[in-house]
Amino acid sequence: MQLQILRVLSAVEAQQIVKELDSWNFVDGKSTATGIAADVKRNLQGERKESGPTSLDERLLAALRANTVLRAFAYPKQLALPHFSRYEPGMEYGTHVDGAIMGGGGGSPPFRTDFAMTLFLAPPDSYDGGELVIQDNFGEQEIKLDAGEAVVYSANSLHRVAPVTRGVRLAAVTWIQSSVRDERVREILFDLQRAMSAATPKIDASTLLLLSKCHQNLLRLVVEP
Amino acid sequence: MQLQILRVLSAVEAQQIVKELDSWNFVDGKSTATGIAADVKRNLQGERKESGPTSLDERLLAALRANTVLRAFAYPKQLALPHFSRYEPGMEYGTHVDGAIMGGGGGSPPFRTDFAMTLFLAPPDSYDGGELVIQDNFGEQEIKLDAGEAVVYSANSLHRVAPVTRGVRLAAVTWIQSSVRDERVREILFDLQRAMSAATPKIDASTLLLLSKCHQNLLRLVVEP
Amino acid sequence: MQLQILRVLSAVEAQQIVKELDSWNFVDGKSTATGIAADVKRNLQGERKESGPTSLDERLLAALRANTVLRAFAYPKQLALPHFSRYEPGMEYGTHVDGAIMGGGGGSPPFRTDFAMTLFLAPPDSYDGGELVIQDNFGEQEIKLDAGEAVVYSANSLHRVAPVTRGVRLAAVTWIQSSVRDERVREILFDLQRAMSAATPKIDASTLLLLSKCHQNLLRLVVEP
Amino acid sequence: MQLQILRVLSAVEAQQIVKELDSWNFVDGKSTATGIAADVKRNLQGERKESGPTSLDERLLAALRANTVLRAFAYPKQLALPHFSRYEPGMEYGTHVDGAIMGGGGGSPPFRTDFAMTLFLAPPDSYDGGELVIQDNFGEQEIKLDAGEAVVYSANSLHRVAPVTRGVRLAAVTWIQSSVRDERVREILFDLQRAMSAATPKIDASTLLLLSKCHQNLLRLVVEP
Amino acid sequence: MQLQILRVLSAVEAQQIVKELDSWNFVDGKSTATGIAADVKRNLQGERKESGPTSLDERLLAALRANTVLRAFAYPKQLALPHFSRYEPGMEYGTHVDGAIMGGGGGSPPFRTDFAMTLFLAPPDSYDGGELVIQDNFGEQEIKLDAGEAVVYSANSLHRVAPVTRGVRLAAVTWIQSSVRDERVREILFDLQRAMSAATPKIDASTLLLLSKCHQNLLRLVVEP
Amino acid sequence: MQLQILRVLSAVEAQQIVKELDSWNFVDGKSTATGIAADVKRNLQGERKESGPTSLDERLLAALRANTVLRAFAYPKQLALPHFSRYEPGMEYGTHVDGAIMGGGGGSPPFRTDFAMTLFLAPPDSYDGGELVIQDNFGEQEIKLDAGEAVVYSANSLHRVAPVTRGVRLAAVTWIQSSVRDERVREILFDLQRAMSAATPKIDASTLLLLSKCHQNLLRLVVEP
């Protein structure tokens, strides 16, 4: 399991999106789930009238693509159009595992879900419950982030959204296909890039060249660009 | 070697296609073979005037994409436009192995031929000979199916079409790139899916979730979506 | 990162080992570390006079080999002779990563360290500090177990032993080469085995046979026996 | 699924072994099966009093190791000590899949079962039933060979021994770990070796050197010697 | 490291391109380099005003795609639009390794740089220096080819362009993503294809079919079409 | 192709071995070659009377195991007992590729030949010809080293020993199975280790720890210890 917390939007940008979503229509979230997941999904989801990206999608995806930590951590190859999910009191999403393949309808090509991402939009003190709960080595880990922060985590894990008991939880949820399929190699590349950044001011050019060669050649060995 | 027999069209739908093909022009099949295969190919093939799919292609491909056994068995990622082949008495296609890569001309992207598929269109009693003969562990296996039935088999095998001695053999032939390249894993996924279907009514939700997690995570490990 | 907590010995058995270790000679733990790890290792280690296993080793290794959770979780192929480590007040083991290959001297063949394992021998209330601290997705996770319990965790993680501030921390530390190298497949096998156990009383023989076929064939695909 | 039929012993050698087995003690075959296989195994098996190989084992294994078709087809790395199985009227072995790992007890190292092998010892006209039945692409394939012939087949397949209805079926059963794990590569190596044998008398030395380089370098890429 | 020298254009065709480039605008080559490479790149590069291919690009790429040695050696899947580089006296490109991923901006999809290619355009006697220098097993190898010749070499190597001391070095530089990622398999496929070409006139059809089956099935095993 | 030149013995140690070999019996070298290689091998080889290592073998192998460049470059897992080869005027070894598997007889386990190694024993001015000639990217590369120097090179390459025209060429030849099978990863590990050595005096402990983690975890991912 890999997991990383990111600052994607400022609190102000998140608040702006919350306002925009006021004018959206929200429908039953089961419409985008299949199999076991559909049985346990009890939330609302912003209705999409067209298959293509809205300007809101484009702003969000651009912010994600520009995020250097996300790039070094996840090597994103494809980002799904986000689901804008809304949990009102009593709503939750029971334990499930994300399907390995999404998309493939409506003109969008199918992609592999290496990572799931939840970008929290509502301030955490505006609702109770609604934690993203991921089954990890020590049991369940609860995650509830500031508005504008996101958690990126391996989509192969069991996870759920705890029932909301007060207020409204608004979040953007998306999935990422990585261009580095094997999480074990992704971790080495991430470590190597951080080591190079720390070492760059101190080592000479030929050593940096050698480290850069390692990094690019390991990436070349595995990347699906 | 993997092999599966499918009901793709009803007998009536197959007959309808046979009728439509009456108005096609058939040309020497060597035009779409290369190397050794061209030397041993002696059949006719429905002439294509445009590079894109006809409405007949679209109906056939839609029927294939909707076939749940095909999906669970082959994980089709790409289906080639079918060849409509016609064998008159004396015609045959000698032993050959399919090229690993097809397409790449006329705007269609190249694809890997994991599976070959023959969809029999003419009723088997309307012609003699014309069996698809595949070299398997026990030597040659002869396959002659009802109109509307198809056989999907590993394209890495040696195979041939036996000489037709009476009547006309009409078939649609296509190739499939699977999104699960390794046939050993495809078989495990196929078995797991059938086991889950059989177990679902009897086991509790948490066990089903665990099985579903296995299935999706194994697929995620290998899929080229 | 994979991690599992196991009951390996009863509290009484652990206490018995603690007593036996009373008569051992403890020497500087740096003797069995190399590179960066040696710089940060400040503990004592039970001196080994012979290269082969003692009767204490054999009892411990037998208990580990008989542990069904360990077998299903880790697929142990080789278990190293344990280090009996002793931390007195002020001692600690700074952050390090375990070498990928151990052994290879003194007649024991080299092996790959897929997992590290710490078996806690002293009761947790008999010493302060001495937590095993593993860097996980959420930062540092502290582990301090009952006497006789063990934690098995991926040896590729950064980890340390926190300073002991009171009492004596006694533990047996060992490493495991798994016969399933890829942790992603190990997790699928572990899930599948647990699902089969839960499903067995409820499903019919043919479904169980199909699940068993999946499990054995996936194992066969990857195992290094 | 891979499958090959081999002549391992002459009919006279097979008859000689049948005679030797007259003096063996045969016990319930369940003793060497586990899990689902034990439930459906109803046969007798030659009792082994020592863990090491008998002179009979050694003759059989030597005959197998010297078999050039077996070497080119299966690249045997390890051969298990054979089970001498005996089916009397009413006995059978129900459908099962072989475990992926065998051995590991009594001093013999564990090994992976890539292939199962049945060496028929009794003449086929001396008993009725007792076919080895393997589930293949076309359903069940029945195999009943002459005394001294053997079938080597992928151990990942479902297979069974049909009930014996007359006479006694005597066979030696063993398993093989291949030094080429991936059956897809094994088939290419087998094809290449046969092509080289056929081409050698006709092509010049430099072409043969190039083919030999292909063969050795592909083998080097995958072999687990 | 893999390396191959190719005749791509005739001397006359190369001269024609040199003339066409006379009317191009050349800008600082640093604009298309990143990281360490940008620090050591001191050359000029033909300015591109549009993102799509020019007619010059198309002629060059067509010549490359039609080159049968390149196809058998490199299995090109994607060819980047060439950089037209110009080195005047005093210019050079210091030692660097090519990035693993290029493209991804301006509408062109990202691709993996398995090979780099330098197509020499200026006659070698028209300039001094300007050798392509690749670090190989024996240290540095200098390459300076006739106008119209190209060298294709593994992009994972350290390489540089030596300072030009007289005249002008004009070259087209491009990168290739291979559809066969693993260079070890590429070499086997290249050897096998050359062996088949040499053997074809001498061996019978069934042996050739077996060799062709090996070639196609090995390709099928690894190709990313 | 990977290749590295090493100083294994001092000139004096090499001379000492040359003296010891004076008392050996030399026999036709064809006895240890098979297939095509035997056809082109015309040299002498020190006769081995016992299957185990002599004290000369042990000195040589110990010197190789202690060589830190060899360890970082080749990750040797198994070293074959050396052949002591002797070429007198007129002798040579024609172009061949080494078999992928050696050993397996006389009690020594079979191993994979990832590298071949020639340790030159006679001073280069004591004989003419006798170069080791390896086919590399630029055609044939000739290697003739000082007494006590060795060349380690990929065993998958075509190579030969040029005819000796004066004096006597004495060399020790051996083969190495690497514990890192994939040469592409071996090169990254070698680069990373050299970069770490160069960077260690300059970077802080936490950066060095991160680099060390990369190195060990990449090794752990691939090593066959």
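Order of writing sets the chain letters: A, B, C, D, E and F. Residues in each chain are counted from 1.
The rule is short, and it goes like this: a contact is a pair of C-beta atoms (placed from the backbone, for glycine too) under 8 Å apart; a residue touches a chain by one contact, two chains touch by 3 or more.
What you see is a predicted model; the values in this text were computed from it and never measured.
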{"item": "Chains touching both chain D and chain E", "value": "B, F"}
{"item": "Same-residue or different-residue interface between chain B and chain E, half as cut-off", "value": "different"}
{"item": "Chain B and chain C: spacing of chain centres that average the CA atoms, whole Å", "value": "50"}
{"item": "Separation of mean Cα positions, chain E and chain A [Å, integer]", "value": "38"}
{"item": "Centre-of-Cα separation between chain F and chain C, whole angstrom", "value": "38"}
{"item": "Multi-partner residues of chain B (each touching 2 or more other chains)", "value": "156, 184, 187, 213, 217"}
{"item": "Touching pairs among all chains present in the structure", "value": "A-B, A-C, A-E, A-F, B-C, B-D, B-E, C-D, C-F, D-E, D-F, E-F"}
{"item": "Chain B to chain A touching residues, read off their complex", "value": "179, 205, 208-209, 212-213, 216-217, 219-220, 223, 225"}
{"item": "Of all residues in chain B, those that touch chain C in their complex", "value": "184-185, 187-188, 191-192, 194-195, 198-199, 202-204, 206-207, 210-211, 213-214, 217-218, 221"}
{"item": "Contact set on chain D toward chain C in their complex", "value": "35-36, 39, 95-101, 103-104, 109-114, 155-156, 158, 177"}
{"item": "Residues of chain A that touch chain C when the two form their complex", "value": "1-4, 136-138, 141, 153, 156, 182-184, 187"}
